[in-house]
Structure formats: structure tokens, C-alpha cells
């Protein structure tokens, strides 16, 4: 997966996959693959969230130290 | 039966067979043959489904573990 | 950030950022950047306040000495 | 500040400034300037008071001597 | 000040000024002028009183001698 | 009132003047004049005791003309 | 028959009358009558005319006689008691003897007079006068007049060269203060019956000259206690009471006040006292004027002093209030300065707190934002798991359905339950296939049976 992917892209793809599965538009043949992709997207989002949190915390901590 | 057969192919053939049988337009001999084929297809599908289930479970379990 | 920025401008931008974050009108992708900007604005405001405080104190102290 | 300014004008402007600061009707950007102006007004008023005091004292002393 | 002014006029104007000063109805701007005027009025009144006293004493002395 | 002043008129006018002065019901402006008049009235009253009626009448007539 | 009339001499007749009267009137009698005229003769005897009036008309009249020795005794007692001599026009209670004399005729010989009766009569006249004055509302008319400020000009009614007048003038002239009281004498009788008309006459003269005088005085002195009943006379008293100027009396006696004294503006016991009263009036006025002079001087100087003090107070107030005003303004400025400092500091503190708030707000909002996102992701994960599971379950169920259907349709399963399948030429026979003689193949669970069709009939129930 490209590092260039944004959280927004990842989130939208993720939602699309889940929505597809929910709508039964996914065959058993590709189900694993889709779930795998979704799982990777979830991981990516979570990582990005964590990274953002760390970032923000650092910024705010820096501010408070001043 | 070829290993290349997809779940979707198998499932669609199965559906066709069941539909044919139900329409009763076939001879007893053909019927038996069809039943046999159907049974094989069901088995294939079941195996594929089980494999997918295991796969998916693993992926999701991996995700949850993170 | 331009030195020409007034306290009022800085303060209003800061308010806007806080309100945007609060209303969820930003994405995760820009959150860090926004917080960073806010933090810079806060710094600027604080510096301006401190400068003003020093200024004002001097004026008032001069007045008291008379 | 013009020499033509009366004590009354100066005092009223001073009070207006003090009241504006209290009501938060000024921004940090103009605070220094406002405080500076107020401080000048106070000085002007004090000078006027002192001048008046000297004046009045002289008049009253003259009266007492008679 | 006109010589035509009567003691009554002078005294009433004096009292008005004193009362205005007492009530704080005099601004710093006109205080000197008002005090000056009052002091002049006091002088005028004293002179009038002294003149009257001399006059009256003479009349009364004449009377006693008879 | 007749322009001929009587004993009683003179005496009552005298009493009135003395009482006005006593009660402070006159102004400084008229004090001399009042005292002068009173002194004349006292003189005539004293004359009344020792002079002849005709002489006293003459003085009273003079006073009436004032 | 005629007889010569008996002829009496005058003397015989009068002697007979005298005898008869003497026999008839032997006692002394008390008689009340008016003595019109005393008619005292140089010999000392009196032959008064006695009479009685009714409604102003004389209804009885006779001459009386008082012999000299009787008169002296009677008059002395009368003077002692009544304070008046016997005189004309008195109503008297007399003790008489009726006598007739051949030469002097009928007369009442007065042997005594009751002075008490006359005193009562005088008293009665006094009361009568008071009553009439009261009825005329004149009793205090003179007293209601205003006394002049100074009784400078007085009309003196008195007997010229009398002691009373002299005493009165002495007091007026010899006052040590030099007061001048101008007076004019109006001579009159001031005692006895003549006084009544004499005084009335002068008062009437004076009525025409009221502008020339301030008061009228009636002065009598040295006449003792006798002859004062004239002052009870109604006409005189009325004239005094009604007089337009104050009438003052100084009649000089010590007995009961006469009516004139009672209704006069003022009564002095003696002329001297009256004079002293007038001087005293002057003295009081003198003192009053002196007092006014002193008050004038004192109060004028006090007035000026007060004005000076007033000015001083104003001057002090001006000092004080001006200083106070300046101090207050100065204080106001100080306060404004302090307020400026205080408010500026608070303003800055407020701004700082706002910044701190924003800092905190940003931290909170960022945190909440990422948390919300995390929740969103978790939500999606949940949906993913659910939908995958549902998909798998659906597929599994579908396959099971298929399996079921297939098993039900498998002919083997039919034969196993004891059924058989009959076919013609390998097919499930139709109407046209079922001809007699057609070969039927019947499959059971274990066998394939071949047979020929012999009969066919339609089942009713179809």
C-alpha cells in the first residue's frame, strides 16, 4: 500500500468495502481478499490516528513548556 | 473437477442443476447424473466456504490482536 | 507567520480553528497541521500579550512615579 | 495633546478609556496606545490641577492679607 | 466690578459661588475664575461694610452727644 | 397718610426701624439711611418731651418731607 | 223766723282753728318730702318750701319752719353723716309738728331730719347714674379711648387759685427732667351743686376745641370731703363718659369713689398724684426713646458685626470648599490612575486566561476528535466482522438448502422408501405412451422389472 494514501482515502475505501460486503456484493471468492484489504486499511487508519495523536500531543506539550 | 473452478462458477452451476431438476424435464438417468454432479458441486463449495471462513477468521483475529 | 498579523487576526483565526475542530469540519490528515497552526497562534498571542504587558507596565509605572 | 484641551474634556476622555478597558471594548492591539493616552490625560489633568491650586492659593492668600 | 453693585447683589453672588463650589458644580477649568470672582466680591463687601460702619458710627456718635 | 407726621407716626416709625435692624430685616445697602432716619426720629422724640407743641410740629413737618 | 246771724271775729275763728288743730294733731310725725328751697334767713331761721311731686306735677305743697337752734343741730349731724350740707332740692325724712298761728298761718315745724335717709338717697342717685350709663353703654366709653402718646396739651377744669390746682401745677412745673406740659385753665365750680352745670358747660366748650388738647383733667383739692355728690350726677357723668378726649380726675378725697371718678379715663386720688402720673407718662416715653436709641446703636453695630462674621464664614468656606474640591479632583485622578492600572491588568489577565482556555480547548478538542475517529474505525470493524459472518452464514445456509433439495430429488432416495419408478423407453410415461401392449420398465430398490401394459383407466380423483 502506498505511503501516499491519505487517511481520508483509506477511510473511504474501507467504508466502501464494508458497505459492499453488507450489501452482499462480494463473492466468496474475493471475500478473503476484501477482508484482508479492509483489515489493512483499518490498521493504516489506526496508525495514522495514533501518529496524529502523538504529533498533536507533542505540539501541545511544546506549547505548554513555553 | 478442475481446481480452477471458482466458488461462483460452482455455485452458479449448482443453481442451474437444481433448477433443472426441479423443472423435472429430465430422464431418471440424467437425473441421477445431475444429482451426482450437484452433490459434487456442493461439496466443492463447502470446502471453499470453509477455507474462506478460516482465512477470514484469521485475518480478523490478527486485526483484533493488534 | 507575518509580523504584521494583529492580535485580533490571530485570535480570530485561533477561534476559527478551535470551532472547526469542535464541529468536525477537518480531516484527520490536517488535524496536526491545524493544531500546529493554533499552537503558533497561541504563541504569537501570548508574546503580543507579554509585550503589551511590559509596555503598559512601563507606562503605568512612569505615571505612578510622577 | 493640544493645550486647548479643557480639564473636563481630558477627564471625560480618560474615564471613557478606563470604562472601555473595563467593558472589554478594546483589543489587545490598541491597549498600549489607549493606556498611553490615558496616562497622558492623567498627567495633563494633574498639571492643570496643580496650576489651578497655585492660582487659587495666591488669590486666597491675597484675600487673607487684606 | 461696577460700583453700582449693591451689597445684597454682591453677597448673593458670593454665596452662589460658594454654594456651587460646595456642591461640586464647578469644573476645574473655571475654578480659578470663580474663586477670583468670589474673592473680589468678599473685598467689595468688606469695603462696603467698613464704609457703612464709619457712616453709622458718625450718626450714632452725633446722636449720643445731643 | 397725611403728609403731616404725628407724634405717634414718628415714634412708631422709630420702633419699626429699630425692630427691623434688631431682626436683621434690612440690608447693608440701606443700613446708613435707616440709622440716619432713626437718629432723626430719636431727636424729635426727645424734643417732644421738652419743646412746645408748635416747635415739635415744625420739626415733624420737616421730617415728613423726607 | 229770722235770726240775726252770729258774727265771729277773725281772731275768734283762727283761734278756734288753732284749738282744733292743736287738739287734733298733738304728736310728732315723720314725713317724707322734697325740700325745694331751704330759705335760710339772716336771723338763722329757715322757712323751707316742702312739696311732693307726682309725674313732675306738684301734688302737695306747704311751708316749713326750722328754728335756728334746731337747724344748727340738724345741719351738723347731716354734714357728719351725708358729707353734704342741707341744701335745696333734697328729699328728706323729717320729724315735724303741725302748727297753726293766727298770724303766720299753717306750717310744718321741722324738729329733726334723718341724715341716714338722705345718705341712702344719695347712694340711690349714685346707683341710678351707674345704671343709666350702663344702659347707654357709656360706662367705659372714656376708658376705651386711646391715651395720647404724650399728654402734651392739657385742658384743666378747676377752680382758679385753688390749692388743688396749685398743687397740680407745681408738680407739672417742677419736674426735674424739664418736661414741658402745656395747659389751659377752664375755670369752674368743682364742688357743690353748682359744679354740675359749671363743669358740663366747660366740657361743652372743650368739645369745640378737641384738636387743641390731648387730655382733659378735672382737679379739685383742699375742699375736704364735702360737696362731692355732684360727681354722682348723671348728666355730668354722661358728659364725661361721652367726652371725645380722655378725662382724668384728681378730686382729692378719701371716701367712696364717685361715679365720675369711676368712669373717667383715669382717676388719681389727689391733683398731685395726677400731676405725677402725667410726668411719669413723659418719663416712660423718655426712657422708651432712650432705650430705642441704645437698641439702635447696639443692634446696628451688632448687625454690621454679624455681616462681617458672615463674610468671614463665606471666606472660610470658600477656602475650605475650594481646597476640598481640588483634593477631591486630585483623589479622582488618583483613583482613575489606579482604576486604569487595575483594569488594564485585569484585561491582560483575562486575555491570558482566554489563551490558556484556547490551549486547553485545542488539546481537548483534538483528543476528542481522534477518539471519535477511533470509534468510527471500531464501528467499521464491527460492521466488517458482522457482514463477513452474515455472508458466510448465508452461503452455508444456501449450500445446505441445495444439498437438501438435491437429496430429496435423488431417485434413489424414492426407491429406498419402497416406491418404484415406471418408465417407457426410459421416460416417465405420458398419455400417448400408455398403449396396451407397451413395455413398461419398473425399477425398485433392488430390481429392474420389465412388463407389458394390459389395462389402463383414469383415476377418479383426478
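Think of it as A, B, C, D, E, F and G in the order they're written, each chain with its own count starting at 1.
The rule is simple: a residue touches a chain if its C-beta (ideal position, glycine included) is under 8 Å from a C-beta of that chain, and two chains touch if they have at least 3 such contacts.
Note that the coordinates shown come from a computational prediction; the quantities given were computed from them, not determined experimentally.
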Intersection of the contact lists for chain D and chain E
G
Chain labels contacting chain D and also chain F:
E, G
By C-alpha centroid distance to the whole-protein centroid, which chain wins?
G
Rounded to a multiple of 5 degrees, the Cα superposition angle from chain C to chain E is 45
Look at all chain centres (mean of CA atoms) and spot the one farthest from the centre of chain A.
F
Type of chain C:chain D copy interface by residue overlap (half), same or different:
different
Distance from the mean Cα position of chain G to that of chain B, given in whole angstrom
130
Determine the centre-to-centre distance between chain F and chain G, using the mean Cα coordinates as centres, and give it in whole Å.
35
Go ahead and note the Å separation of the Cα centroids belonging to chain E and chain G.
42
In whole angstrom, how far does the Cα centroid of chain C sit from the Cα centroid of chain F?
93
Name the residues of chain A that each touch 2 or more other chains.
11, 28, 31, 35, 39, 42, 45-46, 49, 52, 56, 60, 63
Going by residue number, chain G touches two or more other chains at 293, 296, 300, 304, 307, 315, 318, 322, 326, 329, 337, 340, 344, 348, 351, 359, 362, 366, 370, 373, 381, 384, 388, 392, 395
Mind listing each pair of touching chains for me?
A-B, A-C, A-G, B-G, C-D, C-G, D-E, D-G, E-F, E-G, F-G
Which bits of chain F are touching chain G when the two form their complex?
7-8, 11, 14-15, 17-18, 21-22, 24, 26, 28, 31, 35, 38-39, 42, 45-46, 48-53, 56
Provide the residue numbers of chain A that touch chain C in the complex, in ascending order.
6-8, 11, 45, 48-49, 52, 55-56, 59-60, 62-63, 66
Touch list for chain C against partner chain A, complex:
27-29, 31-32, 35-36, 39, 42-43, 46
Could you pull out which chain G residues touch chain A in their complex?
359, 362-363, 366-367, 370, 373-374, 376-377, 380-381, 383-384, 387-388, 391-392, 394-395
Residue numbers on chain G that touch chain F, as the complex places them
148-150, 152-153, 177-180, 182, 282, 285-286, 289, 292-293, 295-296, 299-300, 303-304, 306-307
